[in-house]
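Before we start, here is the structure in question, set down as structure tokens.
Chain nomenclature is as follows: A, B, C and D, assigned in order of appearance, with residue numbering initiated at 1 for each chain independently.
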Amino acid sequence: MKIGLIGFGKAGKAVANVILGSKDFSLEWVLKNKPESGFLTAKEALNIEADDESVIYSRSEIDIDRFFEMHPVDLIVDFSDAESILQYGSSAARHGVKIISAISHYQDDQITFLKELAKTTTVFWSPNITLGVNYLLFAASLLKNIAPGVDIELIEEHFKAKSGVSGTAVRIAETLDLESESINSVRAGGIVGKHEVIFGFPYQTVRLVHESISREAFGSGALFVAENIKDKKEGFYNFEDILKPYFFDQASSLS
Amino acid sequence: MKIGLIGFGKAGKAVANVILGSKDFSLEWVLKNKPESGFLTAKEALNIEADDESVIYSRSEIDIDRFFEMHPVDLIVDFSDAESILQYGSSAARHGVKIISAISHYQDDQITFLKELAKTTTVFWSPNITLGVNYLLFAASLLKNIAPGVDIELIEEHFKAKSGVSGTAVRIAETLDLESESINSVRAGGIVGKHEVIFGFPYQTVRLVHESISREAFGSGALFVAENIKDKKEGFYNFEDILKPYFFDQASSLS
Amino acid sequence: MKIGLIGFGKAGKAVANVILGSKDFSLEWVLKNKPESGFLTAKEALNIEADDESVIYSRSEIDIDRFFEMHPVDLIVDFSDAESILQYGSSAARHGVKIISAISHYQDDQITFLKELAKTTTVFWSPNITLGVNYLLFAASLLKNIAPGVDIELIEEHFKAKSGVSGTAVRIAETLDLESESINSVRAGGIVGKHEVIFGFPYQTVRLVHESISREAFGSGALFVAENIKDKKEGFYNFEDILKPYFFDQASSLS
Amino acid sequence: MKIGLIGFGKAGKAVANVILGSKDFSLEWVLKNKPESGFLTAKEALNIEADDESVIYSRSEIDIDRFFEMHPVDLIVDFSDAESILQYGSSAARHGVKIISAISHYQDDQITFLKELAKTTTVFWSPNITLGVNYLLFAASLLKNIAPGVDIELIEEHFKAKSGVSGTAVRIAETLDLESESINSVRAGGIVGKHEVIFGFPYQTVRLVHESISREAFGSGALFVAENIKDKKEGFYNFEDILKPYFFDQASSLS
């Protein structure tokens, strides 16, 4: 499966790292804003041995339509910025390229555009594309569904410099309908990222904990999604759509 | 909903405690092996103020069929021993009384008998009747289903004197297909009971943790089951059957 | 070592429980405010088999001076209220009885009185008499001493109904000089009590965690103190005074 | 304070990273086995902006005595291999350069040599040079000293591929006199490194937890040691010698 990566910042590099290390996927090219100084390919820039081409192109220097013809891929993984979908979206859809976007925030008109593209190709969007966090959301809302009256609190821990409540914590709180008093933010040293949902029952406690080790988790998440949407038809998908089939399998296998 | 409780050992007393404290359920009577010295009712024995009758009877002194006529209940909760189903089962079924059994181990012929009763009335059996542990099993096997290759390890912690691997840990290991090397048993001081399933991904870790606070969790679990089987027809049910509908609700609510 | 216990509320009963179960200490009597209805001894009231006399007396019905003559003890353990020291203090000091007080708060004049008593007998006071919490305070302030610039956060978890920040958390925060923003209070279900001090370094994290299982920890703490002050002369002691010698032993044994 | 670094493997690079980022220390040079291909300085190799010279030299190409004259430093930090002390040790001692060695294992004769050098200069050796792990050892053995009968168990978690019990776990077990049954090794995914010492008391549990975030912790540890030995006379020191003064400060500040 041939992948084109948009964006080569910290997250983008970590994602390239994972794709380059995967046997089932090939990183054909990377499209970035500014030309990479000194490196022609992602594998050079990241010092990884791989067969993937992984040539780095600059967004400002290409004609996108011609680019897709010259450098065909099955799938685009987008870790750049909200605007870039406007540049590559229509061309990608026209060439039948599936799109996986991990952009944190889109404007309403950009979401409308994504949905428009989804009439022609497969479009997936998740603001947090790690498997662990999405599973946590799923499993936590299941338990709340089973026990609506249970006390729920959230502890999120990150490095000292991180300001504000983490985006993931906000999403968990929204999903579980938590008041802001129930979100406890710990900022200390170099903690990469930890989210712990505490379900307090009168005589027992259940904790769901997600710990981030590195940004490469975004890469694993993107490939997990790629694997799961490769046979999907055009349409607009999110992470729940990907997880739900496992859910039903699970439920049936237990019967 | 009128409940009759079979068994008044440590677990049985904790269960009585929870039923007596509940508004929606009434503890009509307790059936125990030996007569309780000095106390006529469970509420006296446990020093709880409640309207429930909760009269304590001795199994050896009653005619079970006549007993069900004189002291009708909707539901039996059984925390006694594997044999007692043979005493009360047929009478209960004949009188349309639902049965919730929390017996740890049944012989094969006893299970056959349970299934026979299930042709006439609603029979539920779970060797560990806490909501938390059953949810953990469910949620853990879901994640394994999603990520079959993930590394899974189990840590179970209990008080120093507990010998052998905990029954719950064995059940988790069976459900997740873990080797015995992946079960880590910690025995220290007075730890009531903790089970932690660790899912190790390359760039992130997910932990599902259950901590027991007290035996009353069995009571909450029994009442949760009671609430969920009250409208169920005759048949043989386990905890997964109870959780599954929440699961499907959940899955549909996310679409 | 003969012990007299003042106070027979929830904490007092838990302490009696531990003393009755100990070989090295004997519970001679319990002094409580209201007469215990129905029970003459603590061992009856708690349903424990023990050789200890453990007779329950009512404070209002005795002449305290005569009481100490008739029922001599080596040590008083006080889990009652701040006022009771005024009743028994002078008599105890006169009879050479050591005093261990676990009263949460004393008025200034009561502390002055304690120090006055300490000129004649051994007086120990700690508002939280568990070994674990006092060790935590000690070990945490040591690490802060070693690494003054480290980020410190505190998470304290208790049952839903507990209002306000826990007294132990306040004490930890004072000892470590934490701002109130660094105290995270989780209230959920029936959590007995957990305190976690997080030391965040740039490239590593250290966590000191104390989990309460039951109030009996107060009893163990009282006996630990009793063991450690039995050879101490008159004077006013706190928990640090008890721990410090182990500290120096430790430091020397490592050299 | 001018530092020379011996060794430029994974750990050595992480240490260089920390020294280059520090204001109080200057990385004068790095001595490595093989010449670094393409990079003349550590700051180039690690892509860090810094004023430090940090020139990379190859061990095979220099005359060590002349090298110390031409490139004077106050301190050597050694993250290379057990043999290299034989090359640079005598010269360093002759030039009054202090030595901090973080080599995991030395042969007996190498340790004898270190002690010989310690007659002339300040020599520090610790097989695990992180502050967190050494604090953990210290704090854990203190608690064991206070409560000799407490149940102690150890859980160590590392990435799947790590074989055998971790060296740190072995050291903790030796220090606390634990049987091998009490060491629980979890291997899952990409866990960087976690050590948890559990102290189980009858009614409470104390946990001391160390979590590694990255190898840079070795660098922080080395600089912590450098800061603490800079005024020390000749002699052979270990991490306990460094921590002990804080300990005594601590104990006195509490009196």
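Quick notes
Heads up, the rule we're going with is that a residue touches a chain if its C-beta (ideal position, glycine included) is under 8 Å from a C-beta of that chain, and two chains touch if they have at least 3 such contacts.
Keep in mind the model is a prediction, meaning the values are calculated, not measured.
A rotation of 180 degrees, rounded to the nearest 5, superposes the Cα atoms of chain A on chain D.
For the pairs B-C and A-B, the larger set of C-beta contacts lies at A-B. Ranking all chains by how far their C-alpha centres lie from the centre of chain A, first place goes to C. In whole angstrom, the spacing between the mean C-alpha positions of chain B and chain C is 38. Mean C-alpha positions place chain B and chain D at a centre distance of 52 Å. Per-chain Cα centroids separate chain A from chain B by 40 Å. Residue positions 189-191, 199, 201-205, 213-214 of chain C are each in touch with at least two other chains. Against chain A, in their complex, chain C makes its touches with residues 150-153, 155, 157, 159-160, 184-191, 198-205.
Of all the residues in chain C, the ones that touch chain D in their complex are 18, 130-132, 135-136, 138-139, 141-143, 145-147, 199, 201-217, 219-220, 224, 240-241, 243-244, 246-251, 253-255. Those residues of chain C that touch chain B in the shared complex are 189-192, 213-214.
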